[in-house]
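Take a look at the structures below.
You will see two complexes here that share chain A, one where it goes with chain B and one where it goes with chain C.
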Partner chain A sequence: MSTNNASMKKHMGLKASRVVSNTVIYVILIAMSVIWLIPFVCIVLQSFRVENTWQVGYILPKQWGWDNYAALLKTDFKVWYLNTFIMALVVSVLQTMIVLCMSYTLSRFRFKLRQPLMKLMLVLGMFPGMLTMIILYRVLKDLGMTQANAVPGLILVYIASSGMGYYVSKGFFDTISKSLDEAARVDGATRLQILFKIILPLSKPIVIYTILTAFMGPWGDFVFARYISFGTSAGMNVAVGLNGWLSLDQIDQRYTMFCAGGVIVAIPVAVLFMCLQKYYVEGVTGGAVKG
Partner chain B sequence: MASVKLTNVKKVYDKDVVAVHDFNLDIKDKEFIVFVGPSGCGKSTTLRMVAGLEDISGGTVEIDGEVVNDLQPKDRGIAMVFQNYALYPHMSVYDNIAFSLRLQKMPEDEIYEKVTRAAEILGITEYLMRKPRALSGGQRQRVAIGRAMVRESKVFLMDEPLSNLDAKLRNQMRAEIILLRQRLQTTFIYVTHDQTEAMTLGDRIVIMKDGYIMQVGTPTEVFEMPKNLFVAEFIGAPKMNIMGTELLKENGEYYVTPFGAKIKVDGIKGAMLKEKNIAAGKITLGVRPEHMVLAEEGAANAIPVTLEVNEMMGSELHLHVLTEDGTKLILRIPTIDLDATLRTEMTNGKKLWVTFAGKVMHFFDAENETNVLVDQD
Partner chain C sequence: MQTYSDLEYLKLSKWNKFLYKIASFFVSIPVAIKNGFLTIGRFFKNAAIDVKEEFRDIGSTFKNGDVNTRISFFVMGYGSIRRGQVLRGIMFLLMELVFIFYMVVSGGYWLSMLPSLGKTGPTTSYDAILDTYVPTYNDNSFKILLYGVLTLFFIIAFLYTWRLNVKQNKIAQEYLAKGKKLKSGKDDIRSLVDEQFYKTLLALPLTGILIFTVMPIVFMILVAFTNYDGAHDGYINNLFTWVGTTNFGQLLNWTSGSQNYSATFGEVLTWTLIWAFFATFTNYFLGMFVAMMINKKGIKFKKVWRTILVLTIAIPQFISLLYVSKMFAKNGILNGLLMDLGWITKALPFWEDPTWARITVIIINIWIGIPYLMLITTGILMNIPADLYESARIDGANPWQQYTKITLPYMLFITGPYLLTSFIGNMNNFNVIYLLTGGGPTNSAASTAAGSVGYTDLLVTWLFKITTGAEAQYYLASVVGIMVFVVAAVISLVVYGIMPSTKNEEDYQ
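After this line comes the complex of A and B, so read on.
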């Protein structure tokens, strides 16, 4: 009887300590989420504030309206948005093709300098991309691809080294049995047909992951975009253009419009992620865990 | 339907690791040839060189008289079944089988005809619309065979196709492969590490070890006249009992003296020893477990042993026994001839006497392990 009581007490004690630890964990997680969400909520709220355009000391707008969004249309925002969209779209297509071909090659072909090439890319990837900025600017300027022509120039910059981002997709391809390739080769498929008809349909998560990351690069880029467009509005992307509104002389007239612009920039990416979230998670973990 | 000829075929990895040494083999049209050997013996590598999935480091592979060394797999007129089936997981069974035909740009109605015919032969018609993951191992293997069948190739290659199946299914599929072979009437090259599959399927068996061919022959030849100790031990289950002993020659008759017993070599083996005039001396003696029998206690030709393990296999007992010097021997004793008392008395530690007839012995050179009665070429 006493043993029963003792084990019951022990059981209750364990249960209580589990409740306490869960509560603490949830409180911490909720607090972190709130802290993380506040800036986003503020930006959305500010974008609907119409009583004044400068920064104020309160969060909830006194007057709500779409004025800030309407005002955006009268600025260069359309140009920046279009620039960004074109760049992101072209880069996501080209970069995905390059990355997937590169990954397939490194995963399936055995050629002489394969290992040294992979090591070289690993080492090169450790250098910050910013280091190449000055020379890239010189090259693009000589090609006439800066300032107003920054869009093709930036596309070149974004896709130039994209083959080096092969790691995740190569890891995924490595988990697909090579005997599938061999069976397809015996069946009469060319390497390209194997990639398109066998490997890619089996790698949906990684293809989507690659497209998303390729899209996100130009969509959120600031440093290169600012440098290559060099103050010319026609060559700017949204990040650079909107950043201009935060300068001391403009912030008071443009602050709420800046917030509206930020919301519009976030919408397509948020929608993309929500729709493809399932694949994205599978893609990120795909290299490690067999899909 | 085609002959396959391998001449001095060689596979070298990383410049110095030789996986296959000068492999020479003539495979006749419609022949079923089996490559068998332990893992790492080069059997799969050789098959893959025939398929075109591995580069050939030296020598030539001919299919139907044409050297195919530099041809792509699809141009060699081969079909292949893989160990892990290699079905395309995202395609239905129908699409899997139709894949190669679609690549040939065959009209869809013709494809339909071929796929349904193959499915009918293999009994997978009702699964045609399923994905491979919804099939059992045996069904998947049938799909893989179906995919190879519709290619109507000259040579059918199979790389350990049954090793992923459980024992019961393996027996069933083995019988089906024999039927399939009769129906297809094409040249087969089959790789396995299972000597039973090799013996039951092959017209001829190629036994390999460390990249070398140990023996090529019909199942009967390799079983009854193994060219060397490796083949003798590899073919047959449980493996052949090996004893180091003395070959004596007295009054023109041969005797062996394993573990103190003296057994006369008579029958065909005695005649062969005489014909070849083999010198007396040290010899390695081999006797298959099924050829060993229980003897009367104390008989002159009997070896005293102690029973270590008794495996009841149903129709026979596998007796693992130890001789007085600690050598392990195995006997296969049919239970049908065993009286009930003897059967129940077969407990561990029991003293037994075993012997064997002269005609079942195999004699191997004590030095180089070759069969002294088989001409080595």
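After this line comes the complex of A and C, so read on.
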């Protein structure tokens, strides 16, 4: 009886400690959620603030209105948005094709130059990408693809080296059993047929992951876009354009407009991302670590 | 250092075991570096042997070759066409003709100018009709260097094709001698979607990488040995020319001069390494911690927590970073709220004070980084066999012991390579630093150096400032870029040397 009681007590103690630890975890998670959400809540609220246009020390607007959104239409914001959208569309298609070609090849074929090639790309990846910018700028300038015509130039820059980012999808292809390929080869399928009839249908998550990350790239790129559009509004993407509004001489007139622009940029991208979140998680957890 | 056998090691106290592990880590660093250099040495030795072998083979092919083979040494593709492989032959011949045409028309010129990078710079002459001085632009150093490099690439490609052509002849000759049939053009094309499908698939991606990554990197490495900057832009202002290793001297203090950036370089490098260390490991451990909290049995709404955190990935970084940067500004929301609450009377110097700024960027980076790490570690944590924990619990291990003995070693083993790439990624984390602080607050002690360096500047943001600054010292930017590479390469070599086992990729398939 007494031993039973003791074990009961121990059980109760364990249960109590679990309740305590779970409560602590809930508190931490709620606090974290608040911290993670606050900036986004703030930016939305600020975008509706119309009593003044500069930075203020309070969160809730005193006067609400759509003025900032209306003001956006009168600026070059439309141009930047369209530029970025076009780049994102084209890049997501072409980059996905290139990355898939590269990663499928490196996962499935064994040829003499395979290892040296992978090592070379590892080494190339250690050079800061910005180093290449100086020359690419001059070359693109000679080709007339800078400043106002920055969009085709930037597309070229984004996709040309995208083969280097093969790691994640190669990791995914590696997990598809090779015996499938071999069975198909025995049945007389060519490698081309194997790619389109067997591997790609099995690779939906990684294809979507690649498209998604490629689509999101141009929305966030700042360095190349700034360098190649260099000061010409017609060639800027949203990141470069909106960043200009936060410069010292503009921030007091444009701060709330920046918030409104940020919201307009963020909503479609974030919604798309949230819809495809499942695939993104699969890509990150499956491929990123294995490399 | 004293070394222990396994048995002796087990007898050590916990503290001594820990000390021993730390000591052996540091002792192994020189060995790892040595091994790294040995690997590089072995690579060159093997390459030399290979080259020797190639020449021997070329010689013997010529000696044993028939007429077709021998003519092919000079007229590429001749042998292939005579032996019926018309398609291959035409390709070889075409390559040779294009090469000769290019070298005669322009390649020769670029190559001959490469050693001097241009002889006559821009000149001005008096125009009597317009009554002004009119500039005439002559040689263009930039183009000479660019096309010179391209020509060198082309020559290498040609030599490779020539070698292929010789090899083809040898093989074809041997095949015919044995009475076998040669592949027809049709077979060649068919094999490009089958056995040699990889060539088709890789052609486009590799061309892109060659032109947009390899070639610019070679070019920029060469720029580090010139005086290319805003005042010597190679065409309009002045030519630029080779200057040897002086630029490296400016950064590493090999030579002393008025423009000496070695102190600045040392400071920026130190901060870059500190930043990379903290950015990598705070995110790693906190991300793992968050993942473990969310995954804990009995915690509800797992999906909700994850979705909230993932918002920082979903929203383009430049928006969140720029906005958060302004939140922490002197007149930003955070300072405003704290003052309204009466907790502070003066705005906190988040971006004005060097130490505050450095700590703030690390903390905001945690905000950015935790969600990624949470996603990555969630998958791995779920893969740890549950019975490990079960048996640990039966043995009376408390949660902390379970973490240090099971979770952490398992995680470190799986994510070792990821940690390395993320360390190097953080060294080059341009966006976070540039969008948050722009490198500031400005380091006035180092303001004489190129591009006005700030206290939070990483090597990459400094590089960017150098190229966009008024003087645009491209040569200095190149040297900094090369230094980034050297640091990254040394760290990688050391870490790869120390890591317990390099994973065998065939194990996965």
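As a working rule, the second predicted complex is superposed on the first by the 276 of 291 C-alpha atoms of A that agree within 3 Å, B and C clash if a C-alpha of one lies under 4 Å from a C-alpha of the other, contacts with A are read in each partner's own complex, and residues count from 1 in each chain.
The rule is simple: contacts are C-beta pairs under 8 Å (C-beta built on N, C-alpha and C of every residue); 3 or more make two chains touch, one makes a residue touch a chain.
Here the structure is a predicted model, which means the values were calculated and not measured.
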Pick one for A:A148: touches chain B only (first), chain C only (second), both, or neither. neither
Tell me which partner A:I198 touches in the superposition: chain B (first), chain C (second), both or neither. first
Just to be sure I read the superposition right, which of the two partners does A:F109 touch: chain B = first, chain C = second, or both, or neither? second
After superposition on the shared chain, which partner residues are touched by A:D187: those of chain B (first), chain C (second), both, or neither? first
Who does A:I134 touch here: chain B (first), chain C (second), both, or neither? second
Applying the document's definition of touch, where does A:V44 land relative to chain B and chain C: first, second, both, or neither? neither
Where does A:I264 make contact in the superposed view: on chain B (first), on chain C (second), on both, or on neither? neither
Dominant contact partner of chain A by residue count, chain C or chain B: C
Look at A:S177 in the shared chain and tell me whether it touches chain B only, chain C only, both, or neither; answer first, second, both or neither. both
For A:L246, is the partner it touches chain B (first), chain C (second), both, or none of the two (neither)? second
Taking the contacts chain A makes with chain B in one complex and with chain C in the other, which residues are shared? 177
Complex interface listing, chain A residues touching chain B: 177, 179-180, 182-189, 193, 197-198, 201-202
Chain C partner, complex, touching residues on chain A are 18, 22, 25-26, 28-29, 32-33, 35-37, 39-40, 42-43, 55-59, 98, 101-102, 104-105, 109, 111, 117, 121, 123-124, 126-136, 138-139, 156-157, 159-164, 174-175, 177-178, 190-192, 195, 216, 219-220, 222-223, 227, 238-239, 242-243, 246, 255, 258-259, 262, 265-266, 269-270, 273-274, 277, 280-281, 284-286, 288-291
So, in the complex, the side of chain B touching chain A is made of residues 51-53, 72-74, 78-80, 82-84, 86-90, 99-100, 103-104, 147, 151
For chain C, which residues are in contact with chain A within the complex? 142, 146, 193-195, 197-198, 201-202, 204-206, 208-209, 211-214, 216-217, 219-220, 223, 290, 293-294, 296, 298-299, 305, 307-320, 322-324, 326-327, 329, 331-333, 335-337, 339-340, 367, 372, 375-376, 378-380, 414-415, 417-418, 421, 424, 428, 430-431, 434-435, 459-460, 463-464, 467-468, 474, 477-478, 481, 484-485, 488-489, 492, 505, 508-509
